[in-house]
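Same chain, two partners: chain A is paired with chain B first, then with chain C.
And now, the complex of A and B:
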């Protein structure tokens, strides 16, 4: 089992202007993006948000890992569009745009599919840009300054540190089991791989617990951090600007009843049918590729 | 590790469970969270058709208690939001529901005493998780999950089932397989844990996975027949 397919977790080191922004200011943007994305149904706003977040990614110099991490959107995005075209998650009446075999295709569904996809894409890109440009310790130091409970902060930080450790351990255990003749795939491999990884990990807890105890975990007093995070005027401006823009647009959208443009934008029947065919083919193609790749890979 | 009880002694409290020291819980929770995330990764590495990303939740809910399990659930989705984007955040509720049912089921309702009872508990967890997950999948992803089950959702839609019903029908199938297998893997892991952690839990000994897999196949096929029947009835009714 190769360990090259690690989770796209790591921060990409760099010194771009995005890297230097305070983590909290970035967090304001991420939270704001999610709030705005879910309070509007205006595809132009959603598309601009996605494009802007993408541009931030380019400025930060994380374009390549960003694109790599976005591959997960291919199956879910294509399936989302295809399902929405045949069954819009909005109230009836729906406008019929065409049909393929027994399936009726709806234009409203395509609009709403774009809305849902826009939300997912925009919030995913901004969150990935933030994760890729922020050192986890800086984020947790900043959260501690915001009075986030120390224990909770500690648990979240420790989780992120443990994931690669356990992944590595799984690789070692799989190699050991395979050298004993175990099959590397399928249900027969579940217990021989899960049990040693999990039990080993939980047994390690006792050592970790003792080392925490010996360092006086939970004691009162001022906690210091090796990494210092400064808040500059620039960070206040960026955070404030983000908050104002996003709150403003969200409130305006809500006043206009989610600002949906599904009435104004009418897709032609041919467009809806073609897009449905492309989305369905992409989805099945991706699934087929994963299955074939999975079975042929050694 | 025979030194663990020594660490436990300074933090004695009146409740039975509090004999586990705070530091042990504070470290066990993130380990279970990381195992949830890595569990999903292992399942895909073994090319299994199930997720197995709630085993850490099940273990913590059964060993530490339902609300610790719920915390593991929330932290799992918060942690994966930091890894793969915030779209997984709403599914924290699913994780919490699973944790509470596993925790209370084994610790308060005695559903871990025999294999059939534990099997039933996992079926309950699967159904509850699907009831919670289906509306989230519809609201956030318009019914899509990005895996092969979406083809099934599309088929249910084609025969005339509504969107929530279709998502529920296809999700219950994967959920049943996932939670039952996950529950029994958790059982095998709990059995292998140090006795200091599992001494006062009333839970049955683990059983070989082969029998469970057959039972899972049976129940999934049974439910498939029911949901197909319901979809056809809904289609002809509308």
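And now, the complex of A and C:
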């Protein structure tokens, strides 16, 4: 019996420039992106970050899986924009841009919605590009070189391994229970599988620890590494450049008080109203689709 | 006269919190370079016996061990399993539970890394070992994405790469097809003959064991009840039957024919001599 369940987001093998960058240099960029995204409210910076990350994804040749993983942004993005337009998460006074029935729509809300969305999109894309272009083992080997404790590193790597294993075991146990007449879908169907899956997990972990010890895991002697991750001058430059650029922009943003342009940019009433309508419809459409799909799939 | 590489001295073992011992009064000596098969029903104590050799019993699983187990001159209870790993390689029956790495090559590398083998040697040993078990070209595949049989061969490769003096395999071929089974035991046989590796196999497959093993040990309720050459042990069809075990088909056939007065001479334990003798008998009857 072989069922292969790959992780929803996994490395896409390739040999692009992005693939060959050292994992730590990439990690610097991801962390930097998150820091910058959350220290600025300048939508032009956020938008260019997202576009740049997206371009990296295209260069790395992971466009298709990237777009697929970004579907999650549809419900998040549409609900975010719609909610921000009717209830901005910024201080009053708000500028009224229009209204639909009893709902008042605010232009500042739309600006802040764009900021929030920009943060999520930029961080998500760069993180996805990193995950999709880095072999997990290379990442863990690099982390080990940075003196990350071996056991902690092993635990992280093991977690990645166990997710598909548990997915598969849930599948097997649920099929077994269904074949014995158990009814129900969704969470109520998953619930009775928890006990067998976790009992199985404990047994698995004990067997694994015996197997690992039998292969000398945890011995005190000198250890070597099979994975060789090279750090080239290029990687230092890329990592350094990323750090400088991001720290620079973050500091400048913070000095300018998050560099929000909500005062300068005024959206027209029609624009806000249309965008609200689209966002709200998309969100409810998405929800409706999920519910109907969930019910008809029994 | 060389010393035995594995010596059980009057060993009785209880798992934690159990009344009934899993092993009773085990006295056993295995010489370097022997190929030993251990037979017995489920729960007879075969696996426990195997676990004693690399010290998982009692150092990892607890319980009380009376008597002593000496492996390669070391008293097993005194050393952690990871130290014994330098001498004893152990393959367990559930291959999927032994996989921990993201690629097959790294799975094999794990033991080598822990033993501190240089990178230059690893890049040579790993492909060699994978080729030995028929997994050439699977280096970058995820162990969990392999079939049961491939996983089993990978688990064997992961241990063989460490070049242990003693190889213990606990039902290593349960997921393999008949050809795969033959391959695993002949790899072990080759290492046994050419490199002098001591091999202990815990198995149900009497046919294969009759072919490869130098010695067969039968365990029942934690006791060694038979211990000798495969031709001697596996031909005792009735006694094996009384223990709930099956003798090789060839031996069963010969035994049945003997009861009808049709078989003379020794009871064969492998198919080839049985076929030969039946052929001669048919020839004689016709001629």
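Convention: the second predicted complex is superposed on the first by the 274 of 298 C-alpha atoms of A that agree within 3 Å, B and C clash if a C-alpha of one lies under 4 Å from a C-alpha of the other, contacts with A are read in each partner's own complex, and residues count from 1 in each chain.
Rule of thumb we're sticking to: a residue touches a chain if its C-beta (ideal position, glycine included) is under 8 Å from a C-beta of that chain, and two chains touch if they have at least 3 such contacts.
Everything numeric here is computed off the predicted structure, so don't read it as measured data.
A.B. asks: Have a look at where A:210 lands relative to chain B and chain C in the superposition and call it first, second, both or neither.
C.D. replies: both
A.B. asks: Would you check which partner chain A:158 touches, where first means chain B only, second means chain C only, and both and neither mean what they say?
C.D. replies: In the superposed model, A:158 contacts both chain B and chain C.
A.B. asks: Touch test for A:231: chain B only (first), chain C only (second), both, or neither?
C.D. replies: Neither partner.
A.B. asks: Check whether A:12 is in contact with chain B, with chain C, with both or with neither, and answer first, second, both or neither.
C.D. replies: So A:12 meets neither chain B nor chain C here.
A.B. asks: On the A-aligned overlay, A:137 touches which partner chain: chain B = first, chain C = second, or both, or neither?
C.D. replies: second
A.B. asks: Could you say whether A:47 touches chain B, chain C, both of them, or neither, answering first, second, both or neither?
C.D. replies: Touch partners of A:47: none, neither chain B nor chain C.
A.B. asks: Looking only at contacts as defined up top, I'd like to know whether chain B or chain C touches more of chain A.
C.D. replies: B
A.B. asks: For A:221 in the superposed arrangement: first (chain B), second (chain C), both or neither?
C.D. replies: A:221 sits against chain C, while chain B stays out of touch.
A.B. asks: Should A:102 be classified as contacting the first partner (chain B), the second (chain C), both, or neither?
C.D. replies: A:102 contacts chain B only, not chain C.
A.B. asks: Which chain A residues lie in the overlap of the chain B contact set and the chain C contact set?
C.D. replies: 1, 136, 154, 158, 160, 165, 203-204, 207-210, 212-213, 217-218
A.B. asks: Over in the complex, which chain B residues touch chain A? Could you list them?
C.D. replies: Contact set of chain B toward chain A: 1, 3-4, 7, 21-24, 26-35, 37-39, 41-42, 45-48, 52, 55-56, 59, 75, 78-79, 81-87, 138-148, 150-151, 153-154, 157-158, 162-163, 166, 181, 185, 188-189, 192-194, 197, 209, 213.
A.B. asks: Which part of chain C faces chain A closely enough to touch in the complex?
C.D. replies: 54, 56, 60, 80-86, 88-90, 92, 94, 97-103, 105-106, 109-119, 122-123, 126, 144-148, 155, 158-159, 162
A.B. asks: Looking at the complex, which residues from chain A come into contact with chain B?
C.D. replies: Chain A reaches chain B through residues 1, 5, 7-9, 30, 34, 69, 72, 75-77, 79-80, 82-84, 86-87, 89, 102-103, 112-113, 116, 119-120, 123-124, 127-128, 131, 136, 151, 154-156, 158-160, 162-163, 165-167, 170, 174, 184-187, 189-191, 193-195, 197-199, 201-210, 212-213, 217-218, 280, 283-284, 287, 294-295.
A.B. asks: Any idea which chain A residues touch chain C in the complex?
C.D. replies: Spelled out, the residues of chain A in touch with chain C are 1-2, 4, 6, 135-137, 154, 157-158, 160-161, 164-165, 203-204, 207-219, 221-228.
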